[in-house]
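I'd like to ask you about the structure that follows.
Which chain is which? They are A, B, C and D, in the order written, and residues in each are numbered from 1.
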Amino acid sequence: MKKEFVQVISQKEIAHQIFELKVQGEVIAEMTSPGQFVHLRVSDSFQPLLRRPISICDVDVESKTLTMLYRKEGAGTALLSQKREGETVDLLGPLGNGFPLDTLSSGQTALLVGGGIGVPPLYYLAKQLKRRGMNIVSVLGFQSEQDAFYNEKFAEQGEVFISTVDGSLGTKGFVTDVLKNEDINYDLLYSCGPTVMLKALEAQIPDANGFFSLEERMGCGIGACFACVCHVNGGAPSDYVKICSNGPVFPIGRVAL
Amino acid sequence: MKKEFVQVISQKEIAHQIFELKVQGEVIAEMTSPGQFVHLRVSDSFQPLLRRPISICDVDVESKTLTMLYRKEGAGTALLSQKREGETVDLLGPLGNGFPLDTLSSGQTALLVGGGIGVPPLYYLAKQLKRRGMNIVSVLGFQSEQDAFYNEKFAEQGEVFISTVDGSLGTKGFVTDVLKNEDINYDLLYSCGPTVMLKALEAQIPDANGFFSLEERMGCGIGACFACVCHVNGGAPSDYVKICSNGPVFPIGRVAL
Amino acid sequence: MKKLSVSLPGLEMKNPIMPASGCFGFGKEYAEFYDLSVLGAAAIKAATREPRFGNPTPRVAETHSGMLNAIGLQNPGVDQIMENELPHLQSYDLPIVANIAGSTEEDYCEVARKISLHPQVSVLELNISCPNVKEGGIQFGTDAATAAALTKKVKAVSAKPVYVKLSPNVSNITEMALAVEEAGADGLSMINTLLGMRIDLKTRKPVIANKTGGLSGPAIKPVAIRMIHEVSQAVSIPIIGMGGVSSAEDVIEFMLAGASAVAIGTANFVDPYICPEIISQLPELLEKMNVNHITELIGGSWKECGTPSLSR
Amino acid sequence: MKKLSVSLPGLEMKNPIMPASGCFGFGKEYAEFYDLSVLGAAAIKAATREPRFGNPTPRVAETHSGMLNAIGLQNPGVDQIMENELPHLQSYDLPIVANIAGSTEEDYCEVARKISLHPQVSVLELNISCPNVKEGGIQFGTDAATAAALTKKVKAVSAKPVYVKLSPNVSNITEMALAVEEAGADGLSMINTLLGMRIDLKTRKPVIANKTGGLSGPAIKPVAIRMIHEVSQAVSIPIIGMGGVSSAEDVIEFMLAGASAVAIGTANFVDPYICPEIISQLPELLEKMNVNHITELIGGSWKECGTPSLSR
């Protein structure tokens, strides 16, 4: 965990409002755990004031290059999307705890379910799991074809199913529809996406084993401000976890969605 | 008076922390009166919030090019100094009333006295007066040699005397010392600079005829907010002028400094 | 543009947008930028009984996303305003909100009586952030009983509806609002500026000659929103909302909070065209939000029956 | 670095800088970034009698040059704090300001009695922005008599000096300050957050689950400066100033206004190194200002005898 001004290597729009940003810096050598995130300052004024949490999507430890994918949403990501090659970005990271990589053994199958802007961290996860000899099946959900990204990249790691809400690509509907329609065999579920998606997964696969990556509005990003706290299932009412420092990845069922 | 996004043609540091900024735009064709100013928005966020008043230093009406000289002081001018060729600046102007050009007749002599960042508007004035056949004598005061600028440009318009506080260039001391030492004959005085300088001039030349250009913190820059109001000499206590819309140029003696 | 009309006591507005008092002079300057008839209304600079020069300069200072001002209610006095400033507004289809100020109840009443008779004036806006000289300098704006007494007196002499402009520098804004409603106010304007200060490191003195100034601009928007949200649920008179508005989205946020119309102050200094620009952007924004008429939004953040948004 | 030391009741500080309560947890997280011993002191997250989970999420929202928070005083309770959180701070040369909160006088007193005995704790900071349940929800922080009564009770049971942290959401901050000074407060902390709100245009509901939140950050700095400027002239106990501090220049501005030490909250989220960075920049800034010792600056904006600046 360090703060560093990393250098922009490239920035491009790879789908509708979805940007791929590559940056280079010393601290990137530490980014070995998929599911961790970085906290970016997108301006050197106080507008916007807070940092923006963005997941690690891919890392080349050799060249110390980090790839992030983000959707241009509000003022912060709009400013981020204006960063050009050679400019710097104030990065704090890597933050949080990523997906455990040693729960499965070689030859077993990991099911990766990603929704929208929850897809990025699963890419680095897919690569790491595959390197460890696991089989990867990915189910990726988007609004429509123009919003979809990284399909081919995931295809390089294993089988891929796509769903779009409007049916313009893959199965019409949600990732849960893909899981209903296709008979996918897997040993462990890894998922990241909007809370409604995670809830739907939980409902559809009540006995699911695996890990969810969660999102919450953040202040500090490092565990100091209690902004991102969640209740723990089956704990005392005052029991909690912090998404930023205890998560964002938790065993399925641990955290009250 | 218009609001326009003008285009940056060039930006360079011409003395210590003094920048020369050239911009191009339709509205610049209206900038025919030296002593008027423009109000610049230097950022598209609210930081900084207010516009910055900057004098018209030179205009090429043909090519619709405006030259401004400014000192990098605080946050606003620092941001302005980062604008590069091809970028745009949100300009409101021309604002206020400039120096009258028809008070003297051809062959008479105008004495221009400028202090520091009060020098710029006098340059466009010198050019305009000279074009009308008047003789120009300029007395320019700076902190030291490294802060001085446009000496040669003024020399093209007529005789120039320089003073610097540390004596590194020209007379050691203030513009008032130059006026004491040199026996300058002139018909009308035009001056722009810090209020202390204008006060010293008033004290040294009690019967001076001519025009002062004044400065004050501004809100709107167009006469609507009453931020920049000054008392009038010899008027009722509630009499006033607004620097932005009635000035910034006033006949010497009109306004209580 | 029918989608935008709002109707408040004494104010039939084409749209809910008006420049805020003190940020628009008497309209002349902005008339050089655009046709003032596009505005829903306009609030003019505070009028006092006698001409006032106001405070020494510097009168303004910049802060993070905001500014301080201590103009000191400079104005030519109510008689001059009626004679020289209001007539030129006749050429526009524009309801005028006459902001009035004073140091005693008598001052206020005198100004209210006079200016409310002017044909150009649609409603009065009582600026109660001035110190009450008689009561030893306590502000009309921070004591509910004093504010209510003033409101009652002004209502009695005014020929037009009276809006009371509340100060945010109070422990309990709802108490103030209820007191002036009870005293007969036809509407509320909120919020006026927050008291603030900046100190210059070079001179080691306050930047503003008057020392303290009023904080306005985007920095104070969250304070305005929470006060309007709270007060609009407690009173039944309409609220003209203000404090940092600088976009069409901000206007919607203020109306969802509970404002029936919205005033724009500081943002006029940043962009003289801000009012007409926002007005022209509102219809598209309403469409995107599936709103048929802008009044549907009023209090939408707390009303049970608020039409839910269909698009996301 | 001797130039920077300040001495307040119960607090011998190497420099006037401390992280503000609620923005620094219990120090563990920031200890991974720098040696906490460089700090003048540190204020820890509010302790309550029982563990508290706090408010539902979202708990934070961004605003122009500021942020809203409604954490809801989440903390593991005073016993756990004493047992699990304070001991690790032993390894630093760092005076601890223990922020305490509650809903009844008894709550506060119980927490104060316990935590003031902890060897790691140097002083207490009474967070009086919580509603007083017994008095029907009025805030300790907005009623002078209630605040004074609480201060007196806490002073009686505390083994350490007591600073009272004032809320800015009041009509008369000086009245509050004088009341708690009179009641025995050893110092003041000011300001806490301004009450604010943001509304989401998509959901049409407040962004923060708790609806209102506390506004902090650079946006509120002018409000803090004016309150400290006013209060420091009225009281004779020292003030820990806070509200939007994010640079060494801001620290100087707060001290010129009348603060004897300065706390930094929100800026820690923007830059986790902000406290040590500011501390390291202060000596050069003092040199530039021709100041021999930072305490010379305290109240410099209003003290007659303030050393005038030689350089410009």
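What we mean here is this: a residue touches a chain if its C-beta (ideal position, glycine included) is under 8 Å from a C-beta of that chain, and two chains touch if they have at least 3 such contacts.
As the structure is a prediction and not an experimental result, all values here were calculated from the model.
Trainee: Farthest from chain B by Cα centre, which chain is it? Let me know.
Mentor: Of all chains, A has its centre farthest from that of chain B.
Trainee: Suppose each chain is reduced to the average of its Cα coordinates; what separation in Å results between chain A and chain C?
Mentor: Each chain reduced to its C-alpha mean, chain A and chain C end up 46 Å apart.
Trainee: Just the number, please: Cα centre separation of chain B and chain C in whole Å.
Mentor: Taking the average C-alpha coordinate of chain B and of chain C, the gap between them is 36 Å.
Trainee: Taking the mean of the CA coordinates per chain, how far is chain C from chain D in Å?
Mentor: Each chain reduced to its C-alpha mean, chain C and chain D end up 33 Å apart.
Trainee: When you check chain A against every other chain, which residues touch at least two of them?
Mentor: Residues 46-47 of chain A touch two or more partner chains.
Trainee: Could you check chain C for residues that touch two or more other chains and list them?
Mentor: Answer for chain C, listing residues that touch two or more other chains: 63-66, 217-218.
Trainee: Should the pattern of chain-chain touching be classed as line, ring, star, complete or other?
Mentor: Looks like everything touches everything, fully connected.
Trainee: Could you list, by residue number, the parts of chain A that touch chain C in their complex?
Mentor: Chain A residues touching chain C: 46-47.
Trainee: For the complex, which residues does chain C have touching chain A?
Mentor: For this pair, the touching residues of chain C are 64-65.
Trainee: Over in the complex, which chain B residues touch chain C? Could you list them?
Mentor: Residues of chain B touching chain C: 1, 3, 41, 46-51, 92, 216-231, 237-238, 240, 245.
Trainee: Note which residues of chain C are touching chain D in the complex, please.
Mentor: The touching residues are 63-66, 68, 142-143, 169-172, 194-199, 201-206, 211-213, 215, 217-223, 225-226, 229, 244, 249, 252-253, 256-257, 289, 297, 300-301, 306, 308-309, 312.
Trainee: Quick check: in the complex, which residue numbers of chain D touch chain A?
Mentor: Contacts found on chain D: 22-25, 28-30, 32-33, 45, 50-54, 57-67, 69, 71, 74, 76-77, 217-218, 246, 266, 268-273.
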